[in-house]
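Shared chain: chain A. Partners: chain B in the first complex, chain C in the second.
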Partner chain A sequence: MNELALKELLYKMADDQLILGHRNSEWTGMGPLLEEDIAFSSMAQDKVGQSLALYTLLHQLGENEPDTVAFTRNANQFHNCVFVELPNQEYDFSLIRHFLFDTAEALRFDMLTHSSYEPLAQLATKIRGELRYHTLHANTWIKQLGSATPESIDRLQKSLEKAMPYALGIFEISPYETELISERIFEGEEKLMEKWMTKVESIISQTSLQLPDWKLVQPVMGGRFGKHSEHLQPLLDEMSEVFKIDPTAEW
Partner chain B sequence: MASLDPRVNRLPTVTESVSPKAPLDQFGTFEVFVQPKEGKSFQHEGIVHAPNLEMAYVLAKEAFTRRFTCVSLYVVDTRNVYVSPMTEGEKNSYDFIEDNPEAAGVKESFEIYHLAKRGKQHIHVGTVTASSPQEAMVSAKAKFNTGKVVYNVWIIPTDAIRFTTEEEKELWITLPEKKFRDASDYKGGDKLKDFLEKVK
Partner chain C sequence: MVISKQQILTWLEDVKDPEIPVLSLVDLGVITDVTVDKNHVRVEMTPTFVGCPAMDYMKMEVENLLKEKGVIPDVQISFKKPWSSDLISEKGKVALKKYGLAPPPSNKIFTDLEILETAICPRCDGSNTELKSPFGPTLCRALYYCHDCKEAFEQFKPL
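So, the complex of A and B:
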């Protein structure tokens, strides 16, 4: 099995989960209502848990300990897409990002249940309940607010337009795309994006929101190759604060 | 906001015409029931605020089934829950239900719940068919009253409930390693003790 290709895939998935998990956890204690605060925080925790599971697979392939990998790299060593590192802004943006990203994430893991890399296929099967909840939660909110009041529709629409170029950056082509596909590790970003577009269209069509013309959206790429926005490093600094003071600290 | 003091803000505003009472600026409530294990009865677990039944289902899932084992969950608008008189001591709530003759009308299904211990949860005991919640209460008395004290009975029209589908049960298939979600796993007390020892 092509180990470089496999590691690249695992790193970008793990980094996506860790960074978005951290971002979404910034809403803890500040959510729009208590029940939603609990739900959103819990899903953020799921994401960090999933990143740990993926870093553990990488560790088994000879990479550093999960904590070392998570807390000691600089921004340019992270493979997450730029989308997940963007600041939260208002809740409408966080909800739209949650919807667009988690739809892709759930489809990706669903495809990976057939991966030729057995440990990854097993992990994908194990977490399908969590992913199912994340997409149920996202779809329900988008359908609710996407058809509720002129203000809610307008706010979601603006966030959707702002998010879309970054969302397409999720599917940035890997340098190992051919190997991943031919070795049946993963069916590839293009296939995933096709499925994602169909799914996104099917949910948005049940609301008063309008999708932009896919062809006119200019994707924001670079994240998978370590090219990030100015927002990632401050996030990493904050996330690794305790670890950097005392790497042996348990908390 | 008129004032930082909530008591001032709660004062009724001065009006000059007849107008409808303004609703509270908050969501309605929904009752949440969970099934802890396959084969076990559903039990009332708590309440969530939500704009509608489907949102209530989504929010209830994380609010009430995040840490403990659970195989299924359902929610219902609080306004669809009909309650019998609440009793205490040796008084059985069913004794306050009068046996009325069956009423005419379309029969529908109702779920029945008993409060067997004060301070505990209402637990599902079964289903009856009736043409109204009042008639369902009488049917429940005939079917489920064993003479053992029941402090309170709840009646819910089955059609009003948002159930978990067979397919949705996979919501509770998650990573088994969930200790990080348990406060006890962080051993806060031990850490504080160690720290205080060190400071000495």
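So, the complex of A and C:
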């Protein structure tokens, strides 16, 4: 098995989960209503937990300890897409990002249940079930607020347009795409993107929201290669603050 | 003394879910394998949810109990046999209901999450209930409201 290809895939997935998990946790205590506060906090816990499981797979392949990997790298060593590192902004943007990203993620793990790398297939089977709750949550709110009042529709529409170039960056092609596909580790970003577009269209078509023309959207790439926005480093500094004061602390 | 697998499982009945103290880890279904080789006991455990923060604690509790019984524990966390709510035993489901948590419906009839829309109220057994949020105080619980007895309740999520 091509280990470099496998590691690259695991790193980008783990980093996506960790960074978006951290962003979700920023809603703790700030949610627009109690249930949403709990929902984003729970999804944060799921995502950070899932990133730990993925970093553990990497550790079993010879990479550093999960805490070291999570807390000691600089922004340019992270492989997450730029989309997940963007600040939460208003709730409408967070909700749109949650919908667009988690739809992709649920489909990605669904595809990975057939991975030729058995430990990943096992973990994906587990995570797939958990993500059904994330997509249920996202779809419920998008359908509700996407057809509610002129203000809710307008806010979601603007966020959707703002988010879309970044959302397409989720599917940035890996340098090992051919190897991943030929060794049946993962069916590839292009196939994932096709499935994702169909799913996104099916939900948005049940609302008053309009999807932009896919062909006219200019994707924001670079994240998978360590090229990030100015927002990632401050996030990492905050996330690793306690660890850096005392790396041996237990809590 | 020869220790049997059954003996280990009986001992493990004493280790409870730290969040739901009426439910043993065995009844919760997170003990997925036990192998015994003389005095060496290997236990495989799996989390209910990957991000469950109680996992390390439960692992430690299992290790401590086995040490007390004089065996050398080898406790591993594995996803080989992923947890599903169908692994909760019938005894466990009864304990959940008694504790005030609606037990999860069987995963086999659970092809779509729409099943989550209603749950049986653990207090009055009413079905005139409503899902308030698929996320509750812990990752494995959802929030409901019962229109019959006018009380909020939680369900152990089907997974």
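Just so we're on the same page, the second predicted complex is superposed on the first by the 251 of 251 C-alpha atoms of A that agree within 3 Å, B and C clash if a C-alpha of one lies under 4 Å from a C-alpha of the other, contacts with A are read in each partner's own complex, and residues count from 1 in each chain.
The rule we apply is simple: contacts are C-beta pairs under 8 Å (C-beta built on N, C-alpha and C of every residue); 3 or more make two chains touch, one makes a residue touch a chain.
Quick caveat: nothing in here was measured; it's all calculated off a predicted structure.
Peer 1: So if we stack both complexes on chain A, do chain B and chain C clash, or do they fit?
Peer 2: Aligned on chain A, chain B and chain C clash with each other.
Peer 1: Kindly classify A:47 by the partners it touches after superposition: chain B alone (first), chain C alone (second), both, or neither?
Peer 2: After superposition on chain A, A:47 lies in contact with chain C alone.
Peer 1: Tell me the contact category for A:39 with respect to chain B and chain C: first, second, both or neither.
Peer 2: After superposition on chain A, A:39 lies in contact with both partners, chain B and chain C.
Peer 1: Which holds for A:63: it touches chain B only (first), chain C only (second), both, or neither?
Peer 2: neither
Peer 1: Is A:132 touching anything from chain B or chain C once the two structures are fitted on A? First, second, both or neither.
Peer 2: Touch status of A:132: both partners.
Peer 1: Applying the touch criterion given at the start, work out whether A:177 contacts chain B, chain C, both or neither, answering first, second, both or neither.
Peer 2: neither
Peer 1: Taking the superposition as given, does A:144 touch the first partner, chain B, the second, chain C, both, or neither?
Peer 2: The answer is first: A:144 touches chain B but not chain C.
Peer 1: Can A:122 be said to touch chain B (first), chain C (second), both, or neither?
Peer 2: second
Peer 1: May I ask you to decide whether A:187 touches chain B, chain C, both, or neither, giving the answer as first, second, both or neither?
Peer 2: neither
Peer 1: Common interface residues of chain A with chain B and chain C?
Peer 2: 35, 38-39, 42-43, 45-46, 49-50, 53, 126-127, 129-130, 132-133, 136-137
Peer 1: Contact residues on chain B for chain A in the complex?
Peer 2: Per the touch definition, chain B meets chain A at residues 27, 48-52, 54-55, 58-63, 66, 168, 170-178, 180-181, 186, 191.
Peer 1: Under the definition above, what is the set of chain A residues touching chain C in their complex?
Peer 2: Result: residues 35, 38-39, 41-43, 45-50, 52-53, 119, 122-123, 125-127, 129-130, 132-133, 136-137 of chain A touch chain C.
Peer 1: Give every residue of chain A touching chain B within the complex, in rising order.
Peer 2: 33-36, 38-39, 42-43, 45-46, 49-50, 53, 126-130, 132-133, 136-137, 140-141, 144, 148, 250-251
Peer 1: Which residues of chain C touch chain A in their complex?
Peer 2: So the residues of chain C in touch with chain A come to 46, 49-53, 79-80, 82-84, 113, 116, 132-137, 139, 143, 157, 159.
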